[in-house]
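First chain A sits with chain B, and in the next complex the same chain sits with chain C.
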Partner chain A sequence: MSEAAVHTEAATMQVRLKIWRFDSETGERALRDYEIDAPEWSCLLDVLDIIKDRVDGTLAYRKSCRMMICGSCGMRMDGAAVLACKERMKPIVDSGHVPVISAMGNLPILKDLVVDMEPFWSKMRAMKPWLQPGYEEPPARERLASQEQMNVIHKEALCINCGCCVSECNSMESDPDFLGPAALAKGMRFVGDARDGAEIERLEAYNSEHGIWDCTRCYFCTERCPKGVDPRDAIAKLGAESIKHGIDRDMGAKHAKWFVTSAKTTGWLRETELVPKTQGVVSAIKEVKFAMGLARRGKVPPPFPPHVAEGVGESRALYDLVSEQGRDGAAGIVQGERALARIEHTDEGGARRDAPEITPGETPPHAEG
Partner chain B sequence: MEGNGFPMRVAYYKGCLASLSAKELDSSTQALAPKVGLELVELESVTCCGAGDIHEAEPDYYLHLNARILAYAEATGADTLMTVCNVCTLNLRQANWMLKKDEALLERVNKNLRTVGVPSYSGSVEVKHLLWLIAEGEGYELLKVAAHKGLKGLKVAPFYGCQILRPSKLLGFEDPDRPWSLEAIITACGGEPIDYPAKIKCCGFPIIQAREETALGELIQPIEQAMEAGADVMVTPCPLCHLSLDAWQSKLKKATGRDFAMPILHLSQLIGVAAGLEDSELKFKRHVVSVKPMLEKLAT
Partner chain C sequence: MDAKHDVLVIGAGCAGMRAAIAAHDAGADVAMVSKIHPVRSHSGAAEGGINAALGNASEDDPEKHAFDTVKGSDYLGDQDAIEILCNEAPGDVYELEHWGAVFSRTEDGRIAQRPFGAAGEPRTAYAADITGHVLIQVLYEQVLKRDLRVYEEYFAWKLVVDDDRCQGVIAWDLLHGGLKTIGAKTVILATGGAGRLYTGTTNAYACTGDGMAMALRVGVALEDMEMMQFHPTTLSPTGVLITEGCRGEGAHLLNSEGDRFLTRYAPNAMELASRDVISRAEQTEIDEGRGVDGSVLLDLRHLGAEKIIERLHGTRELSLTFALVDPIHEPIPVRPGAHYHMGGVDTDVDGLTSLTGLYAAGECACVSVHGANRLGGNALMETITFGKRAGRHAAEWALSNTAVLVPPSVEADSERELRALLGRAEGERPWTIRDELARTMHENFGVFRREEQMQEQGRIVERLGERYQRVFVEDKGSVFNSDLTQALELGFMLELADCMVVSGLARKESRGAHARPYDYPDRDDESYMRHTLTTLDADGRAQLDWKPVTATKWQPMERTY
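== the complex of A and B ==
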């Protein structure tokens, strides 16, 4: 190697990976092995570029900005959604682990690592993701929003529409019509915007059958989001805002409210009354046979006499005190939200992709066709 | 590093389920604790953590309720608050994290606590699940000794559930995509851990009343996969996952026509069997799905 080359060429490493190839026209799918030399600074996207350039030009994937802002290169590594441009390969190579790359989940695969984003965009459109200030003509003077007002939706506004959260949403796997974490986080971005005038209409719409209360709180969205949006937190805020405005006809909202009632009356969850309080008495009666089965096993504690926590008076007094202080709705979460957004951007904790073993059985979920 | 030598004195937060419909979790935990070097100081004057529901309905009240639990845990002098439920673990750790990172918030909450007669919280408590205390270090060594009866190679499918793994920035004990703690415990007890992809996914419990169909679509995955992988039994560190996997199995049977008959054990029960706990402590009669096939297998 010439002296000049030493100064200009980075050290290289040998990268091995497996890619799930898929052709939706023929239905053919195969797990292919690749082995290439790549600069040590390479991220997953660089490695894919080298494969496409030098090994197999038919490999399909999306990319654009290469710097975590366009949201194009969402895909799965070892079954977990990532941005290919964000994942450094060096630690993985050093560990000897051979990662498996596949398309994102919960969206139909078009070819190899490219998914059809149309279901994603149609849910996004359903959120009416534009400001509805509530006036026809612009006011005479520009309306200024304070930094404090914008802080409320700062992290929701960081979303780059990559779909990593949607890829692993457990509720959406079971109910494909669920609006899902990306769209709902977008919803909070407008509900929380001080300039928007359609808060109630939005909350009504987001409280639909496949809306806020369809979220199963698996936290995969928050775990996977590469930008710190924390969609689960956004969904919780939409719930809190809905309840604050009395939009609480959904069983999910009734369920949540019963926990509040329980905490301030007996301290512990009043489990046995939870079903009628959530589903209504008529539905609850239909559940009698199921409930009797549970009762035989001691799973239906009698509501009378109630199991009252010692010092429950303090719990009720706290409720009254906190209610007077008026931090209801999303305002009650905001102080933690800003802090949580901060940790999402640090390297403390979190998943490690350089672990040698992988969870077996990952295949592209829609590849079976 | 905090002083976490064993035997360890810990504040014990039962939560709603272990106090009420999952009493078998409490009795097996209480019986197991001394065998693995844990001295439990039961918190009397505490309430529900809100289970994520109060966090969603009345977020500021959620924070205060959990601060109150943390304050009473601190008042015991223990530096660890031990939980036996994923949901309690996340709710308490989230509140603890918020209070520890934000002085102004801690001050505001403490002022409210004092107003209603609750001691102030200084932020000295760490919230840890029983699983974390015995999956490594001294706790794990003691566990290996305690589990003297073994499990005779019983095939055990670990089911983690969600809120002991994610969000990992708040939980942080292990890699949320490749957890190992339940497998380590199963192995120490003489069982054979079974691997399957859905072990880190959701059981559907949080929406099982409001969206039963969606929830059942989630619930079937771990049970079906564990069965296909040859598991004799499943074990979970969360009583809500337990309720879902055990009690709602009959609804899966109704919906799919398949009788899975998969016994579901609480973590403390699985170890309890290997440690020779009494029937009165294990309380298997409180389960909906019979654990008899498992017990028969162990008796041969």
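== the complex of A and C ==
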């Protein structure tokens, strides 16, 4: 029974939405309007169920648990990936907005809101996503690990493989072979696991072409993740772990390292040296013509003498402080439990990412309504 | 025949994947068929934990675990099976940990364990409140490591039986359309429960009892089908599961007067009494006018924000999203909802059914370790222990037997039946039948049961079955035709409802989840310490039989908490 039909006694609302339909057998694509009555507590998935039951049985979408854990119902609402079971419709109806529902991005559409997930899973498989413990015989009981050690991968372990991050990934849009946020978060789940013995091999593999350094840091994956996995964080941790272990042959790694060196020595980003430091001298020479053009328009500061910031001492002190703390590698990036508490829960103004921590005794913003 | 394997597992949740891994490790060529991707399986929604006498939080041993389980089952569980479960549980949990399961940890780095309902010791190993999710992930990782074949989004529809043994399955390929025949020397059903028979349920849309119905249709008996567990804390209004872990961590249940009403129902165990006991207490409070909009209140506030965020993060997320309630500041409205089927395909302790080559494991099976009432945390454990045993046994049998035969007539008959359904140009849409079935099951076959209501439900199910003969599938296409598969699921559920009602009427006592306070308020060990069995007669209606309970060392006692 559809959830929506269960509570017929509940107050209803009139929901309008548009759905991008796609028929792979005919190749026909059309934006259709729908208007139905639904209980006020309905989520997007409940609305789709009512449409499929009562209006058009050919509408196709995936669903199963309707409680944000199976990861089936990823789709786009107004161009941004959501889990249909998590999106409450009432605020949208109240605002008078008519949302447009479409299939997730970066994955081939099979029918209506159903995409081909195979590219998603093939990248997941490429991560060799299973524990490689590095011992022949396991211990008789469980392997000891502290809660602190397990917390390192807590966020990555929350991933439900829904594909919302992949749908929104800018890098994947230009490079379909980019491993992408979901697979790389899965990679961090193993690199960060104290019980895994294949860290170096993993980092080597994830540092290859289409790997971690191809991420453009747009943060759309983290923004759209419905579970608070923060894939961009995971990618940052993989980068930091790579550099810590000297796996820095990729231009992306060299680029990041130069940022550090530059900030430490001058307190500035020395952009002119960034290109040769990242790409190597030979390659950089090919860019000279381009650089000259930039320089003529005042976009490149002269490299000599290096301009040293007035407050460089502060920058150096920060560098020394972080070095002393030993917070190199992923430890420098982990946000841990405090970040978890800031996960965005509802559109009605539940605890948001940018909200301060809720402390006991305080009323959260949504409880007032 | 489109493909052939030694062992074919239908369903890829915890039981299915564990069975496939065991069959592979025993040397068999194994494949899985699943109507949804393995990680989408409803095992992943299990929250609270998995029971094993690891002794990490107290002095514990498998015998204590077994006694709690026997008592919890209201003495309907088979004690030989329960002893196997409890003895093998610790090793099976360590194995999951060795594979990388991200369990929560104790101060000394061991797997953390929390108290759960009707358990004498804190025995429930957990991963925050996403234990099922963590296990589904680790099992899928092991499936990928072994490169096991998964027929993803294949809807298993019919078992192939020839020469008195099960030889494969006929399935509808959801992504591309068309029936596919996959032959196998042994088939393991691991399709989960049938909570969708009820309006208020914790179960996913996928939980439509497919495997139970497929077995029933080839003459295999279903056991204890009247035993549907109502979980005491499902979120109002949607029925989403709020974990027993909340009560394990110390949450209180309150009525509209702010009373901890369990003082009157289970004064010793209070919120940690058995699920059937608490569901009945809640329903009584609601029926007698001490509910809050048809619910009672689960109060976590005194646990404090830190504990809620650390250990019950998922619960808070569900509550915020679906009820707009932050448990740090307000109690959560909850009520009993259909949660778990103790009944299922009748199997032995290796998962084998009465049909050669056919096995079952997990919720779709009835071994029976849960009897009339399952303890929280025992379902995940059962999927692992009995999934593994079924997989190993099926592989051994398959490796010592060779030929697989699917007569062409079987494929042709199925094709004809399907085309007739798709060819129907008009009729009744499935949802009207489905909604009426679920609503009436809830009303007439719920927490409390009356003779006349059960009889009425029998008539309703029969009438719905007649209407189903004219069911109309609107989508005629081949790509992702979920309109078709939902109609086929409804056919499965109607037959299961019939079995449940017939079993319920026959059990003239109150035991575990089967509560008849109005005519048979007491347990009757003399007459009914035995399992119901249902099969289909020549007219396709459920017929009843009985089977004795296996007792090893525990004699029935009065059950109080």
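One rule holds for everything that comes next: the second predicted complex is superposed on the first by the 320 of 369 C-alpha atoms of A that agree within 3 Å, B and C clash if a C-alpha of one lies under 4 Å from a C-alpha of the other, contacts with A are read in each partner's own complex, and residues count from 1 in each chain.
To be clear about the criterion, contacts are C-beta pairs under 8 Å (C-beta built on N, C-alpha and C of every residue); 3 or more make two chains touch, one makes a residue touch a chain.
Everything numeric in this text was worked out from a predicted model, so none of it was measured.
Q: Kindly classify A:V322 by the partners it touches after superposition: chain B alone (first), chain C alone (second), both, or neither?
A: First partner only.
Q: Which of the two partners, first being chain B and second being chain C, lies in contact with A:R66: first, second, both, or neither?
A: Second partner only.
Q: Could you say whether A:W41 touches chain B, chain C, both of them, or neither, answering first, second, both or neither?
A: After superposing on A, A:W41 lies in contact with chain C but is clear of chain B.
Q: Check the residue A:R217 against both partner chains and state whether it touches chain B (first), chain C (second), both, or neither.
A: first
Q: Looking at A:L274 after the superposition, I want to know if it touches chain B, chain C, both of them or none. Which is it: first, second, both, neither?
A: first
Q: Determine, under the contact definition given at the top, whether A:D23 touches first (chain B), second (chain C), both, or neither.
A: It touches chain C, and chain B stays clear.
Q: Residues on chain A in contact with chain B in one complex and with chain C in the other?
A: In the superposed arrangement, which is not itself an observed complex, chain A uses residues 340, 343, 348, 350-351, 358-360, 362 for both chain B and chain C.
Q: Using the touch rule from the top, collect the residues of chain A that touch chain B in their complex.
A: Listed in rising order, the residues of chain A that touch chain B are 78-80, 170-171, 173-175, 178, 213-220, 222-223, 230, 232, 236, 239-240, 243, 250-260, 262-263, 267-269, 271, 274-275, 278-279, 290, 293-294, 297-301, 307, 309-312, 314-315, 317-319, 321-323, 325, 327-333, 335-336, 339-340, 343-344, 348-352, 355, 357-362.
Q: Can you list the residues on chain C that touch chain A in the complex?
A: Within the complex, chain C contacts chain A at residues 36-37, 39-42, 44-45, 54, 93-94, 97-100, 102-105, 108-112, 127, 130, 132-134, 137, 141-142, 144-145, 175, 196, 198-200, 204-206, 237-241, 304-305, 309-310, 313-314, 316-318, 320-322, 324, 326, 328-330, 429, 431, 434-435, 437-439, 473-475, 477-483.
Q: Which of the residues in chain A come into contact with chain C in the complex?
A: Contact set of chain A toward chain C: 1-3, 5-7, 10, 23-25, 39, 41, 43, 52-54, 56-58, 60-72, 86, 88, 110-112, 114, 116-117, 124-125, 129-131, 133, 138-147, 150, 153-154, 157-158, 160-161, 190, 193, 195-196, 337, 340-341, 343, 345-346, 348, 350-351, 358-360, 362-364, 366-367, 369.
Q: How about chain B: which of its residues touch chain A in the complex?
A: Chain B residues touching chain A: 16, 19-23, 44-48, 50-65, 68, 94, 97-98, 101-102, 105, 112-113, 115-118, 162-163, 166-169, 172, 175-178, 195-197, 199-202, 204, 206-207, 209-211, 213-218, 225, 243, 247, 250-251, 285-288.
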